[in-house]
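Shared between the two complexes below is chain A, which pairs with chain B and chain C, respectively.
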Partner chain A sequence: MSQISLRTITKSFGETPVLNNVSLDIEEGEFVTLVGPSGCGKSTFLRILAGLEAADAGQVEIQGRDVTAIRPADRNLAMVFQSYALYPHLSVAQNIMTPLRMRDLNRLGRLPVIGPLLSRAAHRKMRDQVGEVAETLQITPLLDRKPGQLSGGQRQRVALGRAMVRQPVAFLMDEPLSNLDAALRVHMRAELSELHRRLQATFVYVTHDQAEALTMSDRMAVMMHGDILQVGPPNDIYRNPASLDVARFIGSPRINTLPGEVNGTGGLELLGVTTETRVRGLRQAVTMGVRPEHLHMRVTGRFSGTVRHRENLGSDIFVHLEVAGAPAKVVLRLAPAEAVELGLGTRVAFDFNPTDILLFDATGARLAFTHPAREVA
Partner chain B sequence: MPQSRVYLWFIGPALLLMCVILLIPILIAGGLSLTDYSLGNTGASFVGLENYERIFTRSTYEKMFGATFRYVFVVVPLTVGLGLGAALLIDSLGRFGDLYKTIYFLPVMAALIAMAIVWEFAFHPTIGIVNATLERGCGTVLERWDWYAQGCERTFPLWLNDRDYAIWTVSFIGVWQGFGFNMVLYLAGLTSIPPSLYDAAEMDGAKSGWDRFRLVTWPLLGPTTVFVVTISFIRSFQVFDMVEAFYPQGGGPSKSVYVMMFAIYEKGIQQNLMGIGAAITVVFLAFVMILTLIQRWLVERRTHYV
Partner chain C sequence: MADTTLDQSMAEATPLRFSTRAAITHAVLILGALIVLLPFYTMLSLSLKAPHEIMQQTGGFLGSQELFRDDFCIKLGNAVQDCMVNPIIYNYATAFEKAPLLRYLLNGLIVTVSIFVIQVIVALPCAYALAKLRFWGREAVFALVLFCLLIPVHAIALPLYIMLAKVGLTNTYAALIIPWTISVFGIFLMRQFFMTVPDDLIDAARMDGMSEYAIIWQVMLPTAIPALMAFGIFSVVAHWNDYFWPRIVITGNRDLFTPPLGLREFKGDADGDNFGPMMATACIIVTPLIVCFLLAQRRFIEGITLSGMK
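The block that comes next holds the complex of A and B.
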C-alpha cells in the first residue's frame, strides 16, 4: 500500500476547472515531482494534498487513513512555500522552533518568560532539536538573525529547517527554488537531492522547471490542463513520452517536430523523403519528433537546412536551421569542434538514426513503428 | 577652486518654507510664553517662567490636565481595541464587509460639530432619547441594579451637564467618532499580511484562531499598531470642537471637560491672554513631541522587520 494516495481529485475555481479526476500514488521515501506549465493545477493539487485547499470531489489518504476531511495541522505534513513564508518578527531559531512549540507545548508552556520556566525539559529538548537541524543545514551562525537580514538562499534553508525539525510523513515543496538566482538554483538542486537521500523521507515537489524535475526526482508526474499526462522515472518520460505535449514540455531545447505522412504502404514520408520506417495503420498525417542531440550533421544526410542562429553554451553548440517545409526551426546539438565552420547562412545536411525518432498521430498520441534491421546509419 | 553653491538652490526653498511656516511660529510661541503679551498691545513685559509656574500650580490647570488625560486614556485604548476588533471581524466577512466598513467609517467623515449637536439632543435630560429609553426600563428586573433604581426614583444623569459624568460622556462620543478611522488603518494593515503566512501557521500546527492571531496577525500588525496608537494619542490630545460645541463657555460643569486645546483657545483667543495661551501650547507641543519620539523608538526597535 502506498503511503500517500490521492484519488479522483476534482477541483474548479468558480467556472474554471483546475483539476479533472486526478489520481496519484506516492510511495514511502520517494521523491515525486509534479511538473507542468504555470496554470496546470499542480500547486492546487499540492495544496489539496496539504489540506490548505478543499477538493470538490475525490479522496486523500495518508498512511492508509482517509484525511480528506481532516485539517492541515492534523495531517502531519510539512511544507516549504515559494515565498518561504518565514515569520518576519521571529529569529531564525524561533522560526524553526515554531512547529515544535505549536505541537509539543500546551498553551501555558507557550507563554513568554513563564513558559520556559514551567516546562524546562521540553524547552531544552526543543532547543537541541533546532540546533541539530541548524547543524545539518549549516545555518548555525544565523540562528539569532531575523529573516529580513538573510539572503534568498539562507531563507530557503531556514524554511527547509522549519519543515525538517519534526518528522513529518512527507515534505511538500511548492516551487521552493523559483525565487533564487540561476547559479544558486543549480546548487540547491544538488543539495535537496542530497538531503532527500540523507533523510530518506517522502518529498512531493512542485515545479514548472523541467530541469529540476529531471535532475532530482525518482518519479515525475507531468501535468497539463488539470490532468496528469504521464507518471514515471525522469529517464522514461524523457525517452518515451506518451504524447506530443509531454515530449514538447520535457527537454530543453525543445524536441524538434516535423510534419510527416504515412503513405498507402505504411511508409513514413518526411519533407518529401520516404524513409524506411514502417507504421502499421492507415494513411494519415503524423508528427515526427526528434531531440536535438539525436540529429547529426552528415554529408550524406537526407535533410538539409540553412543556419540561422547559433547558441554557444561552451560545452555544446545549438545550431538553429531553417528547413524547407518545416514550420519551425530545427535545432541540432553539436560539439564545439563540429560547429566551428558553421557561420550564419551555411547550408548543412543532417540525418538521424531511425531508432531515435518518436511518432505521434494527429491527436498527439504515440504511434508504434518498426524499421528494417538494416538501415543507412 | 571655490566650492559650488548650487546645492543651496536645491535645499533652499524647502528649508525656507519649513522655517517660515513651522519653526519660526514655534519659536515665537516659545518666546511669547515668557511674556504677558496681549493682542493689540504695543509692548509686553518679560515675566520669565511665571506662566509655566501657573500652569503647574493653579487648580484650573490641574483640572485641565485631569480632563485631558482622562479623555486620552479612555479614548486611545478603546478606539484602538474597537478598531482592531472591527477590522478583524470585517476582514473575516466575505460579502458584507464593505457595507460594515462604510457604516463604521461614517462618523469619521461627518463633521464632529454637527454630530455634537445631535448627541446633545440625544443626551438631553428630559427630551433626549437616552434617558427616555432608560426610563422605559423602570419597573423591570433592571431596577435590581442600585444605580438604575436611583435613576428611576429621582432622574437619570444629566450626562453632559453632570460633573461626574460629563468627561466620560464626551469620551464615549470621542470613541464613537474615532474608532472607524483606526479600523480603516487596521484593515489596510491586514491586507498587507501575506496569506502564505497563515498557510505556514496552519502547517506548523496553529489550530485555534487565537494561535493564528498570536503567531501571525498581531506581530505583523505591529507597525500598524504603533502608528495607530500614536495617531490616536495625538488626535485625542487635540480634541476641541466637541468641547467647544457642548460648552462654549468655560469647559463643562466645574471645568471637568476643560481639555488642553480648549484651554489654549479660551486663554489665547477668548480672553486674549497670549502669554499663558502660548505657554499651554508649548506644553502641548512637548507632549506630542514625546509621543512622536516614543513612536520612532518603537518603530526602530521592535517592529522594524525588514
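The block that comes next holds the complex of A and C.
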C-alpha cells in the first residue's frame, strides 16, 4: 500500500475548474515531482495534500488513514514554501524550534519565560534537535540571526530545517528554489537530492522547471490544465512521452515538431520526403517529434535548412534552422567541433535515426509505428 | 564609470545648490509649525507668569519672576510678607494643591491603557478574520466596519449614556472604558496591515501546528508591531485628551476625574479665572504625551506613513 494517496481530487475556485479528478499514489521514501506550466494547479494539488485547501471532491489518505477532513497540523506533513515563510520576528533557532514547541509542549510549557523553567528537559531535548538539524544543514553559525539578516540560500536552508526537525511523514515543497539565482539553484538541486538520500524520507516537490524535475525525482507527474497527463521515472517520460503536450513540455530546448502525413499505404511523409516508417492506420495528418540531440548533420541528409541562430553553451551548440515547410525553427544539438564553420545563412543537411522519432496523431496522442531495419551511418 | 562620476558630482553639488522650490516648501512648513506651536507657547508662558502679568499681557515669555502677593493666602489671615510667592512655584503648587492632579493622572493612565489593551484584544482577531479567513459575508462585514468609521461619537453619545445609566455604570471606570473597547478604526487599520502579510506565513504556521488564535498572538501580533504602535498612539492620545465623554459619564466623583476634567477646577471659580495654575495643569497633562511622542517619534512617523494618513 502506498504511503500517500490522493484519489479523484476535484477542485474549482468559483467557476474556474482547477483540478479535474486527479489521482496520485506516492510510495514511501520516494522523491516525486509535480511538474507543469504555470497555473496548471500544482500548488493547489499540494495544498490539498497538506490540508491547507479543501478539495471539492475526492480523498486524501496518508499511511492508510483518511485525512481528508483533518487539519494540516494533524497530518504530520512538513512544507517548504516558495517564499520560505520564516517568522520574521524569531531567530533562526526559534524558527526551527517552532514546530517542536507546538507539538511537544503543552500550553504551560510554551509560555515565554516560565515555560523553559517548567519543562526543562523538554526544552533541552528540543534545543539538541535544533542543533542536530542545524549541523546537518550547516547553518549552526546562523542560529542567532533573524531571517531578515540571511541571504536567499540561507533562508532556504532554515526553511528546510524547520521542515526537517519534526521528522514528518513527507516533505512537501512548493517551488523552493525559484527565488534563488541560477548557480545557487543548481547547487541546491544537488543538495536536496543528497538530503533525500540521507533522510530516506518521502519528498513531494512542485516545480514548473522541468530541469529540476528531471534531475531530482525518482518519479515525476506531468500536470497540465488540471490533469495529471503522465506519471513515471524522468527518463521514461523524456524518452517515451504519452502525448504531444508532455513531449513539448519536457526537454530543453523543446522537442522539434514537424507536420507530416500518413499516406494510403501507411508510409509516413514528412516535408515531401516519404520515409520508411510505417504506421498502421488510415490516411491521416500526424505530427512528428524529434529531440535536438537526435538530429544529426549529415551530407546525405534528406532534410535541409538555413542557419538562422546559434546558441553557444560551451559544451554544446544549438543551431536553429529555418526549414521550408516547417512552422517553427528546427533545433539541432551539435558538438562545438561540428559547428565551427556554421555561420548564419549556411545551408545544412540533416537527418535522424528512424527509431528516435515520436509520432502523434491530430489529437496529440502517441501513434505506434514500425520501421524496417535500416543501416545507420 | 560614467555612473560613478555622475554620482560624485551630484553628491558634491547638492549641499551648495539653492532651490527656490525647497525654500518655499520650508517657508510654508515653518509657518505651519509656528501656527501649531503658538498655543503651546502661550500655555507654557502663562504657566510661568504672575496673575497681573497675565492680565496686563506684560513680561514677555518668562515674566519678571518677581514675588507677588497671593490674595487667597491673605484672606486666610496670614501676614503679607508670608504671602509673597514666586509665580512659577505658585502656579504649579496650586495646580497640585487645588486638585488631586496625581490622582487624575493615574486615572488617565488606567483608562487609556485599559482602553488600548482591550481594543487590541478585540481588533486583532477581527482584523485577522477580515483579512485572512474566507467566510460567507466577509465583504459585507468589512463594509459595515467602513460604515462604522463614518459615525461620529457625538451622534451615539446620548444612547450610550442612557444605556450605561440604565445598567448603573455611570461614575465608574467601566463607563470611561467600555464604550471605546471596540475600535473600528483599529480593526480597519490592522486589517489593512494584515492584508500585506503573506499568506504563506500563515500557512506555514498552520503546518507547524498553530491554532488560529495562536497564529494571531504568536505570528500576526509580532509582525504587526509597527502598525500597533501607530494605532496605540492614536488611541492613547485620543482618550488621554478626551474631555467630552468623561464630562458626560463622570458627574460628581472627583476620584474618577481624568486629567482634562481636572482643568475645570480652575474655571469659573468665585474669585475669577485663575489662568496661571490652569495653564500649569495643562502643561502637566500634556507632558506625558510629549515625552512619549519624543521617545517613539520614529515609530510614530512610520506608523502614520504606514496607515496612509498623512
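Convention: the second predicted complex is superposed on the first by the 374 of 377 C-alpha atoms of A that agree within 3 Å, B and C clash if a C-alpha of one lies under 4 Å from a C-alpha of the other, contacts with A are read in each partner's own complex, and residues count from 1 in each chain.
Methods note: contacts are C-beta pairs under 8 Å (C-beta built on N, C-alpha and C of every residue); 3 or more make two chains touch, one makes a residue touch a chain.
It should be emphasised that the depicted structure is a prediction, and the values quoted were computed from it without experimental measurement.
Once the two complexes are laid over each other on the shared chain, residue contacts for A:Gly345 go to neither chain B nor chain C.
Using the contact criterion defined above for the overlaid structures, shared-chain residue A:His89 touches chain B and also reaches chain C. Contact with both chain B and chain C is seen for A:Pro72 once the two complexes are overlaid on the shared chain. Touch criterion met: A:Phe81 reaches chain B and chain C at once. Contact with chain B, but none with chain C, is seen for A:Lys146 once the two complexes are overlaid on the shared chain.
Contact with neither chain B nor chain C is seen for A:Gly272 once the two complexes are overlaid on the shared chain. With the contact threshold set out at the top, residues 50, 52, 71-73, 77-79, 81-83, 85-90, 98-99, 102-103, 162 of chain A are in contact with chain B in one structure and with chain C in the other. Against chain A, in their complex, chain B makes its touches with residues 194, 196-197, 199-200, 202-207, 211, 215-216, 219-220, 222, 303, 305-306. Interface residues of chain A, counted against chain C in their complex, comprise 47, 50, 52, 71-73, 77-79, 81-90, 98-99, 102-103, 162.
If you check the complex, the residues on chain A that touch chain B are 50-52, 71-74, 77-79, 81-83, 85-90, 98-99, 102-103, 146-148, 162. Contacts from chain C toward chain A in the complex involve residues 198, 200-201, 203-210, 214, 219, 222-223, 225.
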